[in-house]
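Shown below is the structure under consideration.
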Amino acid sequence: MSAKRPSKRELQALLQRARFVRDYGMRLHAVSDAECTIAMPFRKSLERPGGTVNGPAFMAAADCAMWLAIKRHIGIEHDAVTSELNTAFLNAARRQTVYCTARVLKTGKRILYGTAECHDGKGKLFTHHTVTYARVS
Amino acid sequence: MSAKRPSKRELQALLQRARFVRDYGMRLHAVSDAECTIAMPFRKSLERPGGTVNGPAFMAAADCAMWLAIKRHIGIEHDAVTSELNTAFLNAARRQTVYCTARVLKTGKRILYGTAECHDGKGKLFTHHTVTYARVS
Amino acid sequence: MSAKRPSKRELQALLQRARFVRDYGMRLHAVSDAECTIAMPFRKSLERPGGTVNGPAFMAAADCAMWLAIKRHIGIEHDAVTSELNTAFLNAARRQTVYCTARVLKTGKRILYGTAECHDGKGKLFTHHTVTYARVS
Amino acid sequence: MSAKRPSKRELQALLQRARFVRDYGMRLHAVSDAECTIAMPFRKSLERPGGTVNGPAFMAAADCAMWLAIKRHIGIEHDAVTSELNTAFLNAARRQTVYCTARVLKTGKRILYGTAECHDGKGKLFTHHTVTYARVS
């Protein structure tokens, strides 16, 4: 029901209250019923030797982008938790802002499933993910 | 060739030099030709709201344990990079030391594949992973 | 509750009634609370050019072995459907009986998760799988 | 190099020579540098009880569509084999033609990675896959 779909402003506020992901500096970049994109600016704590973004940062971004995309679908008052997160590392990111775009492909009664892609602003892919959430309420 | 297989001491030294994973406080717990176990003591930076260990920490542990297990198989002088990391979240860990045990199931010319499990000291599973590395040298 | 756990005989009968998997010739080989092993004898319809067992046959075996392992855990009267099946192809099987051993790692209220391995009788691995089932009753 | 990219006609001929996949009745539907779509008409042998398409058929379609998409990228004279195939089952297909669209997201020196989606002609998804191939020549 469209009445339950949170706005970009409401999702941004939700993200700001989530201390854990906020520590990564993630911001909501764009959201629609089709997809949700966050931005994760480069910071020293994301760096691994050689000046590239570390793997856990990509996985945290995928999880966060899918969480917001799911909240858009099921409403802020409902909850779901990550049950599976699959990651393929495709290209390195170098001291740059990483965008992550999540799409929900299935909204089931028990399981939500979708994809997330980390990329630069021009379409180059860093990682590809599939993400499964289990509803808890 | 067994002559190339690094000892626990050599792998521990390798881990100490890896600044990124060292920041998680990971230590080599046990290693054999069959499997490799690391320990990741609880620290504030691994915590997410509610007092549980955050997802990226488990994934970092799986990647690290598999990396050492692979070094045991191919030798420290050879290298491989993570190409895929799949994670299933099974049970929460609460402010406790997380152990992660990795097993290499295939050592191919191009690809190495195995499993990793994060668990407490008594066999309770927190996460289950499959990990794929691509050889680069 | 152990009272609900079906015996090997009951699971074998269940498998015989499942026309689809029966067409693969799968038989229940062994079952315990810890794991379930089926046997899939070689037949022409499983062959791909070069005399090896085809990929869909391994995936069907993994799905079947996990289904029986889950029935052992939740009881024959309860049901669950495959929601995800991940496969890594490790070694080829050549005109030989393939065994598949499944282990349930988590029995949740919504999701069941485990691993399956296709192997010969001596421990050589052909494929490694992770399997997720969603409960429907 | 565009000179090496096989045409739709050449890929269709390649598919016709592949006896194993031909038994599923798969046909090349459309191909471009971006993606490759095959069609798998419904037939009795794909059915499982209840009149739905069985899981191994979807997985065979995903593997086949990705194989052709990869041949388009690397040329018919080069070869690669499936190393991983991950499947999420999203919606049932009922006695109908299944289309499968594959996209190559990375063409590496050792590994090729992409996604495949089985769907009806109007965009409804049946399954979502990630597929990894390892180059052998």
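Each chain carries a letter (A, B, C and D) given by its place in the written order, and its residues are counted from 1.
In the analysis below, a contact is a pair of C-beta atoms (placed from the backbone, for glycine too) under 8 Å apart; a residue touches a chain by one contact, two chains touch by 3 or more.
Being a predicted model, the structure only gives us computed values, none of them experimental.
Taking A-B and A-C together, the pair of chains sharing more C-beta contacts is A-B. Distance from the centre of chain D peaks at B, each centre being the average of the chain's Cα atoms. The mean-CA centres of chain A and chain B are about 24 angstrom from one another, to the nearest whole unit.
Centres computed as Cα averages put chain A at a distance of 28 Å from chain D. Centre-to-centre separation between chain A and chain C, using Cα means, comes to 34 Å. Looking at chain C, residues 83-84, 86, 88, 113, 132 sit in touch with two or more other chains. In the complex of the two chains, the chain A residues touching chain D come out as 86, 88, 90-91, 105-106, 113, 115, 125, 128, 130, 132.
Residues of chain C touching chain D in their complex: 18-20, 48-49, 54-57, 59-60, 63, 81-89. Those residues of chain C that touch chain A in the complex are listed here as 83-84, 86, 108, 110-111, 113, 132, 134-135.
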